[in-house]
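Next come two complexes built around subunit A: one with subunit B, the other with subunit C.
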Partner chain A sequence: MAYTGTVLRVNLTTGKAEKENLNEQWAKDYLGGKGLAIKYLYEELEPGMDPWSEDNKLILMTGPLTGTLAPNTGKLAVASKSPATGTILDCSIGGHFAPELKYAGYDAVIIEGKARKPVYLFIEDDRVEMRSAEGLWGKGAHETEHILSETLGDVITMAIGQAGENLIPMACISSELYRQAGRGGIGAVLGSKNLKAISVRGTGGFTVPDIRKVAAALNKIKRDDTMTDDNMWAYSDGTPVIVEMSNSTGILPTHNFQEGTFEDFEKVDSEAVKGALKAKKACFGCPLACGNYVETGKTRVEGPEYETLALCSSNCGIGDLEAVIEFNRLCDDYCLDTISAGNAVAFAMELTEKGFHDFGIRFGDVEKYLEMPGAIAGRAGIGADLSKGVAAMADKYGGNDFAMHVKKLEIPGYEPRGTWGMSLAYGTADRGACHMRAWTPPVEAFEGGEMDPYTVEGKAEVVKDMQDDNAVKFSAIFCDFWALSTERMAEVLTMFLDREVTAEELTVIGERVYNLSRLFNEREGFTRKDDYLPKRIYNDKMTKGKARDISIPLEDYDRMLSEYYNLRGWDENGLITAEKKKELSL
Partner chain B sequence: MKALFFHAEKCVGCKLCHLACSAQNEQVFNPRLARLKVNSRYKRDGLEVKGQTCDLCMRCVEDCPVDAIVENNGRLKFKEDVCTDCGLCVDICPPQVIVKKERGIGVCVQCRSCSNWCPTEALTFEEVNK
Partner chain C sequence: MIVKIKLRGPLRKYGPDAEIFEHNIDQDRCTVKELLEILNIPASSVSFVARGENKISLDTALKENDLVTVYPRVAGG
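Presenting the complex of A and B:
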């Protein structure tokens, strides 16, 4: 069976762990992963609830294909109400946790309440235990994982480091050291519940009718559709390949988004990363193996990924790969989201250089830069300010126009003035500025992109379609690095669900999921006014690179946003119309 | 005679080999039932990649007290009807790749599902003692 049909509900306040049946209707309407997790949260969280309170919940959600031979389906959705943004928050974490949870017999774990003292959760098939984590509290995620592996044997662990314990709103969750549920303070939710880690061992399995035939069909799909030239960049390079692409098109965030090209980009591009490469590494069931395990004389990490290279290298003016690798490792260990951390450091650098406030750190200052992860995670020195994120820093010290965030979530590694579709993608992403809801550079900025990157024409439709595609992809749980068609998704799902799944049905599910996440945010008071980027994007022109002398006129952005709402069936204020809700059965 | 070889430097740790083996031989998705052991894990001193595969050493054939495992044209064959579930083969298998099941055991039968699925040619069939 594709679903185990069982959800594990753990209440940390009462110490009770109970099994319940998966809501089958919701599984049909939302598939799994992102969509199904958001549905549970939408139904179970009181509107206006404080995300830091013990009323918040954290959901680990697998998908119908988790643990099967369907390629690139090994990821896990981790969802909650974001303490950083107040929006819905779903993250996608790779590694091997999701299949292990499914083999233990669960589609999902819903974590509620707050433990009185630090605990970790140990799940071994039917056995579920909340064990004392007092000996682990204060340790990094890496040491925590090592200790739990030594204590429990062959388990897969998700853990938080000091940043999560200290309730830093940019705290992430780490698994297998270098895989993260990164954004929106998802790690701080664990910290707020006194939950240090979750370790799982699943020894069971499951089957489907004609499993050998299904396996043979999937192996053919893997060969003919997954391991193709369109996708094998992941193996040959991994995400660092994007550094050169972004730099040459003027969209590599540099010096806190003042520019879109970085003079030292060759020191941190894919070739440079390959120079330190020791091994390729994959998530469960993935033939693309995007992970780059690198070692230098002094440090090692699985990474750095493009987002880290963009935000923690060029954006901070750090053209020193070894320093970036070490920064990356520290962030993974303390559990800091490198996108938000890189932004906070770069913002502090610009505030210092522009005279708003002297943080004592400037672009390119490697020594100070390497002190930042520890300072942020421990709220030490300037880390106390940086830990709150760029929106809070701007509230205190000014610089609002160049505090690079949307809905208080820091902007990822694509400078929107050189790829205008990304401005709308950031503005309307459900969890604040995010590049994983719609990613437009390939169709407008990068080589082969057929659209003019410097216009809003046609971008509303592109962004809407990408958001819906990704919403269903992250609900079925396919990794975004397999560029598969909706038809292919339907074909694979049909092998595992006891019904014929069609591409049309999946398109509707994608739209339903995206609208539900919007509805969650609408319920929290988010409207059109929250769908804007910092003024730098509208007013300031970059001076170098392909996108020099360009900004996005605010009236153009407004027009694109209205067109987008119209396509979505939302009103001028960005609220979902009654007709649209009815159409999508929301 | 050909046997399965593991090349650690090529392995990416995706576990498709485990899953392919369990689907083919046990008709279930369960990596723990695979008749090989491949592990790619981060340890304190870095990445550790380890693989254990059946190299046709024939210890199980030689030591089985009731001849429930036999070799036929370079392949192992398990005879469930004569197996007494003593578990000796599981214990003595040098690479520890014989799977204990509810009834009987599972040995690598060279079906090649694992190597067919491996995306990086980290598993190959090669002549033994070449």
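Presenting the complex of A and C:
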């Protein structure tokens, strides 16, 4: 049994930390990670609750395989109600925090309330302490982690930087310097609770029956299904390999999604990143080691990942890798989501160039660009506007048609006009525009000819299936970079759970999890009207690259959205029908 | 017919240790799909092929001095 069966509930208002039993039925129905965290939030948060209030909760949730020898299972789900969007929010953070928490004896930590003064949480097995963080407040995440390691010794820490403290709705959480729970303002939830950091040291473990047999089976899986051509791109290049692929298919966001190709892409592509590569880095138990630790003469970071390259390079017109690396490092230290920060900077650039408002920053302006992370995190100068995100900027200055967000979450690095399924993926992602719920470029823009990228035909089914697959994958907690089948997931889970897990059961769990996240949002008032993209995607045609002269007609998008709702068993307004709720036991 | 080839990611192992290499194809007409076969690259390992900066189909006929890039399959995003 790979669950510890124990949840740690910490109330920052009262200072109490108490253990409770994991809800076993929920663990069976939702597995862990994303699904189980959302289930707890759905049951415990009052509808309409202000996500900035102390009534909001933050959940750190491991999975049933966390801390085992199973490959690519080292991530942690971090979930809350998003202060940026008002939707459900679950993020995924790599590194080593999740197994350390499991070894300390916990499947999950539920954090409630608000500390009167800044604190950090120290968990060492049964010992749980809230300690003063007044000496850490105002410091970046990197220095915070360093100080906590000096103070506590061998711990794994998740921390926020100044952006989280200042309640910036694009603030993230950082761990081991360069791993982030990135989106939806999850770091600002910590800030709103006066919680600077969480450090954990676990000295326990758990037993596995017949470890020789399990180890042999897992080694075979690693050899035959993990260390293969399908997955080794993560080791050979990591996500920067996608820069050139996106550029060649016309889906690399450029100049605030005005175009899908970037003339300087070769300055920031995978080969350029390799030129600065010093070491590969991996999460716990991962043989793929996708992380690229890079150094230039002036700066260093683990990254930049594809999303950072797309949103903070091409989308801002910055063809200077060293500048992008420095921007990335600053965002990591202040704890800013690079997807949202890159979007906000690019939107300010276009608003300036189009004459809506003079922010004093234009595409390609490296000097001003490098001032932006500090300005956003500290709400200084134009950073005060940018820190609120593109939806709020458009409300104040105009440009709604090209404020690139869905449900107030900025759009990731795949230009949907060149890969139409991605428009539906963004429109129906549970936390606002997200590429990690369904990622369609491989089946339409990239891989050869089977599916036309410029049609809505067949896309609703692709997006639904991907969303459900990823929902169960992120609940069992397998890394999305391992392209494994549902059958393989079932095989690995069966090794560690005291029951046989079937692929059919996992398919149902995936659909249940995705519907529960939709139900959470439905309860908050989200409906069909919220599942649309900015008008640029429907009205404006790009002028260059593979997807030139193409936009997605709104009537086509509407048809695809209706087909998707129908496949899901939702009504025309995007609400889950009573029959579907009954079918999924919601 | 000589074409220039770039292999990306784990596909590098199917060519010489160079970012770009030339290959002399001993036939007048060669499609992208045939080129992959000549280089012994499994089609199942390939995401797509680009000529210059644009994706081309597997049925595209190559021309003398074309620069083609072969991309690996990727997952996750």
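Throughout what follows, the second predicted complex is superposed on the first by the 583 of 586 C-alpha atoms of A that agree within 3 Å, B and C clash if a C-alpha of one lies under 4 Å from a C-alpha of the other, contacts with A are read in each partner's own complex, and residues count from 1 in each chain.
FYI, a contact is a pair of C-beta atoms (placed from the backbone, for glycine too) under 8 Å apart; a residue touches a chain by one contact, two chains touch by 3 or more.
Note that the structure is predicted; figures quoted are calculated from it, not measured.
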item	value
Touching partner for A:H435 - first (subunit B), second (subunit C), both, neither	second
First, second, both or neither for A:K280, with subunit B first and subunit C second	first
Partner chain in contact with A:E322 - subunit B first, subunit C second, else both or neither	neither
Which of subunit B and subunit C A:S270 touches, first, second, both or neither	second
Contacts of A:D401 with subunit B and subunit C, given as first, second, both or neither	neither
Subunit B versus subunit C as contact partner of A:L69, first or second or both or neither	first
Touching partner for A:A289 - first (subunit B), second (subunit C), both, neither	first
Touched partner set for A:W233, first subunit B, second subunit C, both or neither	second
Common interface positions of subunit A, toward subunit B and toward subunit C	235
Interface residues, subunit A side, partner subunit B - complex	67-69, 96, 99, 103, 146, 149, 176-178, 203-207, 211-212, 214-215, 219, 222, 227, 235, 278-289, 291, 293, 295, 300, 302
Complex contact set, residues of subunit C against subunit A	8-12, 19, 42, 44-48, 50, 53-55, 57-58, 69, 71-77
Of all residues in subunit B, those that touch subunit A in their complex	9, 12-16, 19-20, 22-24, 26-33, 40-44, 46-47, 49, 113, 116-117, 119-120
Interfacial residue positions of subunit A with respect to subunit C in the complex	229-233, 235-237, 239, 241-242, 244-245, 247-249, 261, 270-271, 306, 412, 414, 435-436, 439, 441-442, 445-449, 479-483, 545-546
